[in-house]
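Look for chain A in each of the two complexes below; its partner is chain B in the first and chain C in the second.
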Partner chain A sequence: MNLTTALARLLIFPGLLFAVPAAWFFLWVERKTVALMQGRIGPPFMQPFYDFIKLLGKSTPPRNGVGGLLMMMWPLLAVSAAAGAVGLLPVLPSSGGFEGDLILLLALLELPSMCVIAAGFSSRSIFGEIGSAREAALSVSYNVVFLLAIVSIAASQHTFRLEALASAAADRPSSLYWLGVLAILVCLPAKLHINPFSLPNAEQEIYSGPMTEYAGPELAMWELSHGLEWVAATGLVATLAAPHLAAWWLAAMVFVALSFVVVLLLSVTAAATARLQIDTTVRFYWQCTLIFAVLAISSALFMRFKS
Partner chain B sequence: MNLWNRLMCYCRRRSPWLFHMNSGSCNGCDIELVASLTPRYDAEQLGVRLEGSPRHADILCITGPVTHNSVEAIKTVYGQVCGPKAVVAIGSCPATTNVFIDSRTLDGPLNRHIPVDVFVPGCPPRPDAIIQGVAKAAEILAERGNQLPVESVMVPIGESACACADATQHAVSEVQP
Partner chain C sequence: MSYKIPMGPYHPALEEPYKLDMICEGETVIDANLHIGFNFRGIEHLAETRNYIQVIALMERVCGICSNIHTLTLCQAMEQLTGLNPPPRAQYIRVVVAELERLHSHVLWAGIAAKLMGFKTMFMTCFELREKVMDVLQAISGNRVNYSMNRIGGVNRDIDDPLAVLAMVEQLEREMVRTVIPIFTTSTTATSRCAGIGVLTREKAISCGVVGPTARASGLPQDLRRAAPYAAYAEMEFDVPVQQSGDVKARLLVRALEIIESCRILRQALTKMPPGELSTGDEKIVFTTGTATSRVEAPRGEVMYSVSWREGSRNPSRVHVRTPTFTNMPAVRWMVRGARLADTPLIQASIDPCYSCTDR
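Take a look at the complex of A and B:
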């Protein structure tokens, strides 16, 4: 991947120029789906954009010293990590990539939730600290399953290169591969903090969790990073599930359509479920889904030794 | 007014986030505020969101006749809401202290302590009156930005049902059999 393609992927497609409107669109789809499921009409189409611009125009409480600097830095770091993760997705055929970009993508996907944890603790609000502690416990639980699922897919395809992974899987999909995709899908509600795993930002329960002390442009950046996380996480499933297509415009359209389907599925799940308690959530990931993830990775490794 | 300011004004009017505070209310107005977010009235159509933290809010909704104990809390929360901000006093209590007038436990009405933009009278006010009050506050917020309010606005009793009919008609017709 040379510099021009890297910049084009980061800034144009599937990077910022596509990802920011897509983030707002997905946030709207989430709110609209919940509204429709509750028998309401819901927010207008441009609502996340209005919210973003309005938040940019609000003031922030004065903060001094390193604490204030850190609180300003976390949302920016989260936005850039999420945007980088979207830019790495191998949406277009033969779009480049490099050996091991899967590992970079996983690290970038994990960074926003690290930032949320750090932000809650550096805000020094009691609600922020509770939210951060919950986010940390949640992250330890779902990440084991999430990482095992992705490693099992990568091990069964003998590569850590995203593009090779996506195209090889499309050519000869195995049941093991789909088991891995399903495991990733189960982890997404926890990764995106939506019901039934909306523990860290549990509204009405611990105010706004780690975001309690954030206001104005910083809160706008958190909203944007949340939207970009939606694009990156659903995009990961979309690229893994998409068939291999030669025409770039067809590949882009299939990517958008599949992402939309995943967003719709997650929003319907969120609207239809209530928030689980933290111990139930941790038990769910450690006891129920971990077994499948371990099965997937052990069979992947076994098949690898056999071949 | 340049383009950015016009866009900001447009977005502020369409994205009022509320923080609800009780200053000793009997819970009647609080229930009506929640009712305005339910499927029948669906205030989210106007971009309204009930926020958990005062830091996120644009509009502070205060119910209750302002007891001695709640005065400091009101001032603290008013300070925690980041500008530009507006205050909506919901019900007759924060406007006049209502039936609790001359009580020795009260320190009302509300505008003795913080500047109020919109009064929504009623005991309790109807949810559509509350929605109209919030929409009016969002309009005021968009126009005046960071300045302090000059004078308060009163939502007239009885008129609100007609004025908000457009916004809620569809929602109501969907719910009714």
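Take a look at the complex of A and C:
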């Protein structure tokens, strides 16, 4: 991958130029789906964009010293990491990439969550701190399944290169591969803080959790980073599940369509469930880990005997 | 290390003017202090400056959910002081409106409980049903919130076609049995959030003096409609649902079963409604000197009015109100001790608090 294609991927498609409108679109799809399921009209199409612009126009309370600087830094870091993760997705055929870019993608996907935790503690608000503690406990729980899933997908294809994994769906991959994709899907509601795992920002319990002290452009950046996380997380599933297509425009359309389906699926799950408690959530993900680990090991052993 | 979490003075979950200071260790609540008085409106003092017609309209504004109960209790107390007895049809109409109000309050509470569990779809379903209850109330009284049904010695409006109202009530009952009641009684997500939390034992319930569904969920079979019947309740057949476990799930079950019982009472009242006058005492109303008290089973528990009058005066010399939340709220402290932080909004809501009418 040369510098031009790398920049094009990062800035145009699937990077910033595509990802930012896609983030607003996915946020709208989520809100609209939930509203329709609840018998409401829901927001107009442009609402997430209007929210963003309105927040940009507001002023933030002055915060002095290192604390203020840190609070300003976390949302920017989260946006950069989420945008970088979207840019790395191997959407187009022969898009390049490098050996081990899967590990970089994982790190970039995890960074916004780390920033949320740090932001809650930096804000020195009791609600922010509780929200951050919950986010940390949640992160420790679902990430074990998430990482196991990614590792098993990589192991089933003998590569840590994203492009090779993306093209694997076409070559009738093993059951281990699809098991991994399913496990990633199970982790997405927790990663995106939606029901039934919306406890870090449970409004009725701890106001907005880590975001309680945020306002104006900083909050706008958090909203954007959340939207970009939607694009990156659903995009990851879409690229892993999409068939390998030679035409770039067809590949791009299939990517958007699959992402849209995943967003719909997650929104319907969110609308149909109540919020779980922290210990139920942790137990759920550790049980998932156990089941997934047993299935992955048996599948790996089975493959070894078959070969 | 313990820390204090101040929730309020405008609570994010219940959207009520009260403050709960919780002392926590990690996610566990060690102790809690409840503060009220943020919405004091001086209604009891204002009542002393209003005549016997105006005071009914004023006391109707104490609560936006159980507005009828307040006027019913006040009118019953004033009827004792004037010696007027409402005619049988008026007594039946009072039962119909009171039970519709109970349905309205319980469905609204179910919606709030769902919202506190983060189950907003269920919240919307409950509120859709609540709209339909309000439609029935509007068909009867012409109003959706302050029904203005009660007057001294009877009611202001007749139910012209009780069978048409009965058809609406039966439609409501079918929808509740199909949606709200199964979700709260059998859904695993809802019951897993409610079982075993916010326990108030029978002994504690007696020592705290709790009333209404909170008491009935702790194994105390108290219901004024049965123990001291008023209006036409003596002629109605109904059960008083009682649960023994004293947790939030028990309070949920009691209210769900009460919805069914309310529909049963409504069916009887609407089919057996006797013909006759709507009120007595069209001539000038004369009060005797003295104090009268009246008690009524509101959706949240016992409401008590104590009204004092001086002969010859147009205004009451004192109107004292005791709302069920005032007696139920000290129990919250015992319920939240040892609970997880995530459960506290639901535990607080399980007594169905109304701090605005407690403050008055």
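Simple rule for what comes next: the second predicted complex is superposed on the first by the 290 of 307 C-alpha atoms of A that agree within 3 Å, B and C clash if a C-alpha of one lies under 4 Å from a C-alpha of the other, contacts with A are read in each partner's own complex, and residues count from 1 in each chain.
We take it that a contact is a pair of C-beta atoms (placed from the backbone, for glycine too) under 8 Å apart; a residue touches a chain by one contact, two chains touch by 3 or more.
Please read all numbers here as calculations on a predicted model, not as lab measurements.
If we overlay the two complexes on their shared chain A, which of chain B and chain C does A:F121 touch? Say first, second, both or neither.
Neither partner.
Considering only the touch criterion stated at the top, classify A:F284 as touching first (chain B), second (chain C), both, or neither.
In the superposed model, A:F284 contacts neither chain B nor chain C.
A:K58 contacts which: chain B (first), chain C (second), both, neither?
first
Should A:I130 be classified as contacting the first partner (chain B), the second (chain C), both, or neither?
second
Touching A:N195, do we find chain B (first), chain C (second), both, or neither?
A:N195 sits against chain C, while chain B stays out of touch.
Once chain A of both complexes is superposed, is A:L219 in touch with chain B (first), chain C (second), both, or neither?
Touch status of A:L219: first partner only.
Please tell me which partner, chain B or chain C, touches more residues of chain A.
The larger set of chain A residues in touch belongs to B.
For A:Q38 in the superposed arrangement: first (chain B), second (chain C), both or neither?
both
Just checking: does A:Q47 make contact with chain B only, chain C only, both, or neither of them? Give me first, second, both or neither.
Once the two structures are laid over each other on A, A:Q47 reaches chain B alone.
Quick check on the superposed pair: does A:R275 touch chain B, chain C, both, or neither? Answer first, second, both or neither.
So A:R275 only meets chain C here.
State which residues of chain A lie in both footprints, the one left by chain B and the one left by chain C.
In chain A, positions 38-40, 127, 203-204, 206-207 sit in both the chain B and chain C interfaces.
Which stretch or stretches of chain A touch chain C in the complex?
Interface residues on the chain A side: 34, 37-40, 126-127, 130, 195-196, 198-199, 202-207, 271-280.
Considering only the defined contacts, which chain C positions touch chain A in the complex?
Within the complex, chain C contacts chain A at residues 3-6, 12-13, 27, 114-125, 128, 189-190, 192-193, 340-345.
Which of the residues in chain A end up touching chain B in this complex?
31, 35, 38-44, 46-47, 49-51, 53-54, 56-61, 127, 203-204, 206-208, 211-216, 219
For the complex, which residues does chain B have touching chain A?
The contact residues of chain B facing chain A are 7-8, 10-12, 14-15, 17, 39, 42, 44-45, 47, 51-53, 55-56, 58, 80, 82-84, 146, 170-171, 174-175.
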